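Mind looking over this structure? Questions follow.
The chains carry the letters A, B, C and D, assigned in the order they are written, with residues numbered from 1 in each.
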Amino acid sequence: MTEPEITDTAIPPLSVAQENENGRAVPVAGAAVMFDSVTKVYEPGVTALSDVSFVIEKGEFVFVVGASGSGKSTMIRLILKELDPTSGRIIVGGRDLSRLRRSKIPQLRRNVGCVFQDFKLLPNRTAAENVAYALKVQGENQNSIRRKVPEVLSLVGLSHKMNSLPDELSGGEQQRVSIARAFVNHPPLLICDEPTGNLDPDTSVGIMQLLYRINRSGTTILMVTHDREMVDKMRRRVLALSEGKLERDERRGGYVGE
Amino acid sequence: MTEPEITDTAIPPLSVAQENENGRAVPVAGAAVMFDSVTKVYEPGVTALSDVSFVIEKGEFVFVVGASGSGKSTMIRLILKELDPTSGRIIVGGRDLSRLRRSKIPQLRRNVGCVFQDFKLLPNRTAAENVAYALKVQGENQNSIRRKVPEVLSLVGLSHKMNSLPDELSGGEQQRVSIARAFVNHPPLLICDEPTGNLDPDTSVGIMQLLYRINRSGTTILMVTHDREMVDKMRRRVLALSEGKLERDERRGGYVGE
Amino acid sequence: MTQLQLLLAESLRSLRASLSTTFAATMTVLIAMFLLGVSIALGSWVVSWSNNVKKDVQVKAFFCTENTCAEAVSDQQVGAVQRWLEADPRIKEGGVTFVSKAEALEIMRERSPELVKDLTYNPLPDAFEIQPKRAEDVEAIAADLRRQTFAGVEKVDYGRATARRIIRVGQVISIIFFGVVVLLLAASGLLIANTIRLSIYARRREIEVMKLVGASNWFVRGPFMLEGLFTGFAGALLAVILLLLGKEIALPAILGRVDADSDVQALAFAWTALILLGLGLLLGAAGSGLTLRRFLRV
Amino acid sequence: MTQLQLLLAESLRSLRASLSTTFAATMTVLIAMFLLGVSIALGSWVVSWSNNVKKDVQVKAFFCTENTCAEAVSDQQVGAVQRWLEADPRIKEGGVTFVSKAEALEIMRERSPELVKDLTYNPLPDAFEIQPKRAEDVEAIAADLRRQTFAGVEKVDYGRATARRIIRVGQVISIIFFGVVVLLLAASGLLIANTIRLSIYARRREIEVMKLVGASNWFVRGPFMLEGLFTGFAGALLAVILLLLGKEIALPAILGRVDADSDVQALAFAWTALILLGLGLLLGAAGSGLTLRRFLRV
């Protein structure tokens, strides 16, 4: 029951190579994610996002911070085209989502790994099967599934829980299965909605190191978090939302503005 | 959409009145919670708790910390008699749970407010109705329900989301509804399983202040948390679990042992 | 009183919240009850028809003529037989008809004119046609009548083969009808229980949460059972309405008022309706109540 | 190939995971198909019985006797009529029977001995009994025969009232049977779709998650449809087995081999079985496929 892969070493220093040199909201076709004055109104009076614009380059590591209810999860649902924006344009991986045909949505989602705030595990499948599902949907063959799944589960420290159903896992364990599922197929874009919300500090650090390594291998990472310490230590790009508005977009930001 | 009740003032200093003067595991009939060598084995090989003993006096504020999967939520499920221990004795509010008749379980649960790690809101009821449900089950009359529910929701900063369904709430908002429901009927014991896991630091502080006030009014509070900063700042009693064993039980502990 | 209001309010919101499943359950009750209603109507009509056919089963007592006995029967002798017959409780009231030899010849003439037109005299005897209350009794009545050996009675007869056949057919029809109704009843019960089970299964997490928040079993069960009652009632009511429409509009349109033959009748519609409504309520409430037990053990 | 294996594996696990709902759906199919099977068997038996009854509807051609015409009919004349009749396609093959006056008297003697025993000569004519293929044709055949005015034919007759009545009853029975089967078919379809809808509804969150993880509509739909197919097939198969048991064991036990009367037959069991299995498969797959559409729009 020990989790040998995750140790409490210091967060590695900022790598200059992944810096974002662009200004805000310049439309870039090759950008990983671009929001162009995106507004999302759920119902009259509930404006989750209002006029949000930003560009995330390929390979960036971006924190999204903001108070409860400020629209962070909404942003993610828009990127996955789970929702459509009320107005504005969203480009993910060079594709304009408003022009994406219904039949192409699965394709999009396979290229965007996502750790959901509420995990969204399939209740009738074991941890391993949940992770495998993300590979199966893109037609991966049985052999490579059998190889990759245990590998990825051991990265999040769950080798010993491979065959447990979500109901038989603790909150933090479920969260880690969700993380494993999100990056098992090495998507070019990885989105994490508070991936360490249910994890103790040690395990959190382990997960952050993992995300860091994944980012280094070229994956763009967008991470929603409430972990002030982490954000302040890592000094990466920070998008700060406040009541649906983009309040800050800093290249090497902290959890709160200066 | 502002939440005026919760401000980022410092956590109040430790009040000596709520100190626990007892040693470990001395059976006390009037204790709020007592675990007497409790072991919980889910299935052969999965021992969530092993030989855990402690006594929590009425009016205490206790943190429970431990790595992911160390048995914290299991402890809570045992206190609510959602599960029965494999061996050992559990006393809650002076009653031995193994001798509690099935028909008395609702009574027990009404006296133990609980914020669940996964919220456990009723999906077809609005925030207000979810909170009201905890009052309805104990036969509270309509008038007092109509008075108490908005009061309590405004304490957690959700006055403006009273009539939203859980699906229409952000993760943090759902968590706060769960908190409101747990203490709306002023139970003598309040258990919180990572009640700030989905909350930004500011909102977390507000909730902690609320819990502090509730504790001051005499309610015993048992709080599972991963928030190292909070535990270290408050310096309350800490129960630290590690792989199912009670590793530390310190009167004024920190997140990690000295 | 307040408890009741609470229960009602809870049930209503539970209904609204699970409209989709409630709709499905109501549909199932509707269909099951409709089928049951049709089979009751059809079945009771068929049974009534078979009873009607049984009327043709009768005992005939032929009286003496000059040719067949020493002398023809006298009025007193006929009267004696009639009194005896009318005292027999197995015989239908007004079920004893005197057919004179002249009437018999008239009937014969209609059936086979070739035969009759060359007759020089009327060879047919006077007779009693005797209708029993239950077709099954013809044999016993005939036997008793024979045993009496009334003076003036030459022969007692009943269409043995025909009688047996008709009685047999009637029994078979009744058994089939009974079987079909029992079958449909069981099927309806299972179907409805099944549907309710599914709709509760879809909400098992919810029930779990309710229990964890301190709801007693009855507090959880109440709304579900009321919902079940409502579902059952609504489904049965709709079925009754459909049946009524079918009976008043569709049936005449198809069959064009076949039988004004008022002796053959289905079970009164009101009764069928009552049976269906009662069953709907019962199945709905029992279905929810029983199913819930599984999920209440939290 | 690998895709297929994947699909099968996914379906199997989906089945196992949702055993409770699968069981419920299978039960529903079972019940619906069983009822349908019973109604097909019963209905086709009744239709066959009514057809059998129609056999009694026949045309009679009476030939001249010395009494009724100038002279009795000759063999040539009889032969001419027979040739004409046998060329008529509406008449059943071998459906023309010659009943000589002697045979007619014999039949009459059995029916009404009183009448016959005093006859000094045989007043009855020779006759043809003509059975049409379809009872509905008797009227036309009789009319045509009359129009031919064959020499030696005295009279053409058919039991007008009886014929009309029997035909009418046959039609009504057929309509009712048809109606019941259509009704049950619709009801089965609705019930099964309903159940499948509920069982999918219980898993809508799961479907949502699948879609969010990048599963295409067909990847989600495949296992559900296969599950539907399986459910439909299993339910129908069980129904067929139950029906077979009922037919072979229960029925004889209740009715005690009523009719070896081999002319009256239900639809061949194999056909009923095939129909039910086909319907089960169809309804299962279509039910899942259609229901899913609602939840796939994520």
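The rule we apply is simple: a residue touches a chain if its C-beta (ideal position, glycine included) is under 8 Å from a C-beta of that chain, and two chains touch if they have at least 3 such contacts.
The model shown is predicted, which means the values in this text are computed figures rather than measured ones.
Asker: Going by the contact rule set out at the top, which chains touch both subunit A and subunit C?
Answerer: Touching subunit A and subunit C alike, sorted by label: B, D.
Asker: Counting hops between chains that touch, how far apart are subunit A and subunit B?
Answerer: 1
Asker: Give the label of the chain whose average Cα location is farthest from that of subunit B.
Answerer: D
Asker: Taking the mean of the CA coordinates per chain, how far is subunit A from subunit D in Å?
Answerer: 64
Asker: Approximately how many whole Å separate the CA-defined centres of subunit C and subunit D?
Answerer: Between these chains, centre-to-centre, one finds 24 Å.
Asker: Centroid of subunit B to centroid of subunit D, CA atoms only: how many Å?
Answerer: 69
Asker: For subunit A, give me the residues that contact two or more of the other chains.
Answerer: none
Asker: Could you check subunit D for residues that touch two or more other chains and list them?
Answerer: Expected reply: no residues.
Asker: Which word fits how the chains touch one another: line, ring, star, complete or other?
Answerer: Contact pattern: a closed ring, each chain touching exactly two others.
Asker: Let me make sure I understand the interfaces: which chain pairs count as touching?
Answerer: A-B, A-D, B-C, C-D
Asker: Which stretch or stretches of subunit D touch subunit C in the complex?
Answerer: Residue list for subunit D touching subunit C: 20-21, 24, 27-28, 31, 34-35, 38, 42, 108, 112, 114-119, 123-125, 168, 172, 175-176, 179-180, 183-184, 187, 190-191, 194-195, 197-199, 201-202, 254-255, 258.
Asker: Enumerate the contact residues on subunit C facing subunit B in the complex.
Answerer: Listed in rising order, the residues of subunit C that touch subunit B are 2-3, 5-6, 10, 13-14, 17-18, 205-206, 208-217, 219, 298.
Asker: Show which residues of subunit B lie in contact with subunit C when the two form their complex.
Answerer: Per the stated touch rule, the residues are 80, 82, 103, 105-110, 114, 116, 120-125, 129, 133-134, 136-139, 141-142, 181.
Asker: Once bound in the complex, which stretches of subunit A touch subunit B?
Answerer: 1, 42, 46, 65-69, 72-73, 117-118, 161, 168-173, 175-176, 193-194, 197-204, 226, 228-229, 243, 255
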